[in-house]
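So, here's a batch of structures to check.
The same chain A turns up in both complexes below, where it pairs with chain B and then with chain C.
Now for the complex of A and B:
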């Protein structure tokens, strides 16, 4: 059960962040591993804030798609970085919620006074995704390995069939339903009657907002170029409704299918990291405080048997967190709703506006209400930037903290991220 | 980057060949190494007329543990073997006739000068002379030092310091620089000192300890070398470069324990963003946030003037000149940001002095830099700060490594030292101008060109 009162603790400060530009799958970062990208991202953060040789409280990060060699990924990345080798680290994994969950973990330890500083991050590659040996071949190899005599070995090899060479390729599909995430989202889109045009509009806005943010230099201190890329590769500054309208739907079936490769996030590669600290630590290091991490909440829905959409968990997490903080959905200056699919963002907002849904599913007397769209994803989001699963949380936390800082003290920002497995993470930042 | 020809010319076989064929014989330059001696041997001090700087010079040498030997006599006899430095105090010159003494002292001493030796002439500036004859004698040294530079071999250099009355106290830092390996590629230069209030002696190994230094264009090339030398000398370096160069910028910053600040210096709000960054990150220590600013970022967009479009002209002007003006002005205007005794060093170029075919835009911008520091010097002097320019000649970088062999070989040999300089040579000169003790060098343009034939 979520707690509905807040213990008195200090709030963790967000000092700043760093990410590498996000690349399209099998492109610029095709040769880079999770560890390469996470290490480069940490080093960019170290350079930005002069953390060379420093011992931080901890580094917490994770990846959704991992190789077995990604064992202890975060700690290995720390060891390869310019941070002190005595900085502890651990991995977390909560699908697309990984990055934000990592930030909550670090922020909480800072809030409790257990650590003074820490980095939260995430990385993913869909290019260097692990290819597993398929189960039949694995069985042959195990018996071959166990074989003591030449005869045994030949017998074991006799079990080999050429077809076994087909590798097991990881799929972006829910293990329990076998449906691609996009197909799940398409079901929700249909249920909430999310139209094609509004999805394309949201997508165009994401591209235009992100492009404008780059042009204005917004990312100059949030990003470090990597392997020849200095902007997100998926960004299409000239994106338009007309162009998007030409694309055929790829998720959902038949008449009424609305979700295209344009209004869905592409597979991408990248990494992000956020530096959090106590106010005192930041001050002592001569580092700025952009915003504070106020609160976070995770929820999960039963999308298998419970009749709820796979990506609808943030809808449930939100009222719990708002109530705990005595805030309404309208009390924010910026909203960052992760654009897994344009339809997900729209369905999420529609659900919060829907009196029946809010009453029956969320147990609220009144709906949470609507969000001022001019405050939503004002510097672009995943549709334009791309979405290397575990890296999205860090991208959003750092960018939002900077927006709040630019807007001046006392501003509030809200984050909502949906994740595979029917989970969702939401958080509040404040300048 | 290796200089294969220099290495060959200094090999046993190469020495024979180059001597017989009368080919250039570039020496291996003596460069600064932390912890090393100021000079690899003794020094001789001579005078032309009744000079007033001998005591100051002796004190600097004594401080650095350098033995002063008696002057080499006309027959070549000397008590200390071959001197590593020959210093002439010509502050007593009244007439050209007094120059005979200069000749008598220098000729035998230079004959015995060690490789990578240093010849330093000290005199009053001609502009302060009491008579035309005195001005003539003082100005004569200009021609003398430039000719000596051309006659010296094996990596030796000759430079002239004009020391006006009242600036004696400012001599130590320039003198040390020109004696040391830091000035390896500075040759045939004339620097005029001015009176200045200087801080107490600084740590010679870490002369920039505790200083915050901004270096633009620090992601690679000369800027990266400047950042490294500044950090070696004790400064915290704020390494600035365009966002697109961020990956190598971060590598430079991490290597030297500095910080990376991604900024296009030509952006409209760049001066403001730099000021804010310095306020946010570096206030609290002393009175200001930044002690040293090195305007190094620069670009070329070559084309003959008749074919040059406005974009090429404007972009070069924007990076090489306007950004230096705007950022410096913003730092001057922002309260409590630029330390009172700040040091600004602006990178100019040999092209700004000599001109270069196809580089009208570049040469104009780089000449503009020279005018800028001259005009700003009195303003900076009022707050005990300085602003100077450094004009590199042929510097071997990844860029020049890509030049065709012929062009590169010719380009790199057209100077008294018969070789290209290294980024570190430019960096050492800039780091020297940035020292607290260099307060007597203001409004000057120091060429780091091995006494290039171009524009000399």
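Now for the complex of A and C:
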């Protein structure tokens, strides 16, 4: 629904969200495609807020691991959902920042009065992964397809070698450095002297916080069971420092290696969606407003030639956004720092506390300072829930909006998400 | 027709369809008489997630937590086959043609609900080209019926008992000019669906085996075409509905077919699946909210 009024700015409201429980890779959702999961998630949101047959301003979502046939993944999902088929949609992709970036895009259009309502979301599967044919084989097949004569065809086929049958499997690695994301994070962990024990402590807290949130019903109106899962499959309520201490490091090398499969997020499958709207639209529909989307900021670092850590971009985005809003890092009631790796969260906070780093790299007179840990990821985060790349932003936005709403009016929440390619997305919500 | 409702025979497991086809073929001759009053049942049947996802994929249905309208047929069809392959069934199964299928979903059925199934045969009817019979099925959850179906089979050249009613295998639809989708159906479509459904009727498996039963080429399973129609309308269907389709001319494999749809009322559809070139009608049907 296009707005007829002239562009003005207003704060987009977060009405609520829905996600499916996150599954471990090659498990419960092994047979589900990105489109299956995103459609199920949209339909859950439709059911929760009575959106059946409604035309929304737009649906914005994306997937990080996406097959080329899914070029219009979000639009296809909308067409298969119970939303009106005349709801426009488009895909975005900013690695692990996809979900939050989608929310910023929808919130901005609402803020400008271009739309009255919209859904931001994301989905990813590491099970139903888009294998591609080997690049050499791909070239042979293209030549074969273009061949006009039998001779041309034979010549094209002559280029075929059996080794070309090996498919190209998507890897969680940086194309330019060839390093896995975990290996990059391990370099940063070493630079910032992040210890094994503090990483394991953060991990245990994530599991315990998420388990407690489930137990008190926090996710009852944020989640729809899917394919036999009603809680995140990776969640280990009985996680302990002792158990985590037994794991061998998987990223980094030698004595100083601290990052294990426990204090790193596992590969996972899942989807999330958040309903945003103008206050007027929400009121007209009789829907609640949990919080408002105040601002968002992205940043990027040169991890290839510039010597900055791959996952450190949110550190740079934060002071820009805080200054624009006249806020300090301490002016928040809840902090949601995406736990790509426990070490990433710890390095991020350490960087904000470091006077030399804040002066030299961020150009600040004083460090941003420390965060009250009791306000950090209070309902668990990616280490416990899992991290289907593009689905994490929607999970965090919906959960944080609900936390702020529960805490009462005038509360502020901060989101920080690191992403592949040396990028980061941060945002402010307010009740 | 049996006067009182007979006790149903409860099976512990789903019958093997390959064996039933073999049995039905071996005992095809010398059949006759009236329909048996037998009812076959299974209790507490739980949908296997692996089978359900394979079914969703082969029929291009979204993978969710609610059973598509056609899925319970996967559970009841083997029981109906057991009934039809039994010597007491008057019509020979080879040559039996699925002419019409009507499914009613009384409420959405979740994939994790234990289901009670019961099937029986009724309505032995006469048709200008032979005889027809209805294979009925009902599915209950927690003692309440949630799904029912009627599959009408036509036996060309067979004779219905004296005084039998006229078979009704027509499903009238309105104008259907608008093509919603074009599907290229590969020659292995029958084998793929057979693998999932267990319906290994030779007419669907290969050109050679289909020729043995008088078809030029292998033909697509009607229930697969019906499921694909529902897949094409995913998100645009009411929760409780009746899907009634008539299977017209066989869909020879491979083929390119067109799905035509027309909205009827707020939540209903008329549909047709036709050959893209010649326009031969393979399926026509109606979808109506309850």
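We adopt the following convention: the second predicted complex is superposed on the first by the 413 of 431 C-alpha atoms of A that agree within 3 Å, B and C clash if a C-alpha of one lies under 4 Å from a C-alpha of the other, contacts with A are read in each partner's own complex, and residues count from 1 in each chain.
Keep in mind that, in the parts below, a residue touches a chain if its C-beta (ideal position, glycine included) is under 8 Å from a C-beta of that chain, and two chains touch if they have at least 3 such contacts.
These figures come from a predicted structure and were not determined experimentally.
Clashing of chain B with chain C is the outcome of superposition onto chain A.
When the two structures are aligned on the shared chain, A:127 is found in touch with neither chain B nor chain C.
Judged by the touch definition given at the top, the superposed model places A:36 against chain C, while chain B stays out of reach. Ranked by how many residues of chain A each touches, chain B and chain C are led by B.
Contacts of A:268 after superposition on the shared chain: neither chain B nor chain C is touched. Of the two partner chains placed around the shared chain by superposition, chain B and chain C are both touched by A:226. In the superposition on chain A, A:48 makes contact with chain B only, not with chain C. Once the two complexes are laid over each other on the shared chain, residue contacts for A:399 go to neither chain B nor chain C.
Residue contacts after overlaying the shared chain place A:287 against chain B, while chain C stays out of touching range.
Of 182-190, 398-406 or 434-442, the segment of chain B running into chain C after the two structures are fitted on chain A is 398-406.
On chain A, the patch touched by chain B and the patch touched by chain C overlap at residues 40, 43, 82, 225-227.
Only residues 31-33, 35-36, 39-40, 43, 79-83, 85, 225-228 of chain A touch chain C when the two sit together in their complex. Residues 236, 243-247, 249-251, 253-254, 257-264, 267, 269, 273, 280-282, 284 of chain B are the ones touching chain A in the complex.
Listed in rising order, the residues of chain C touching chain A in the complex are 49-50, 53-54, 56-57, 62-65, 111-112, 234-236. Considering their complex, residues 40, 43-44, 46-50, 52-53, 82, 217, 219-221, 223-227, 230, 286-288 of chain A touch chain B.
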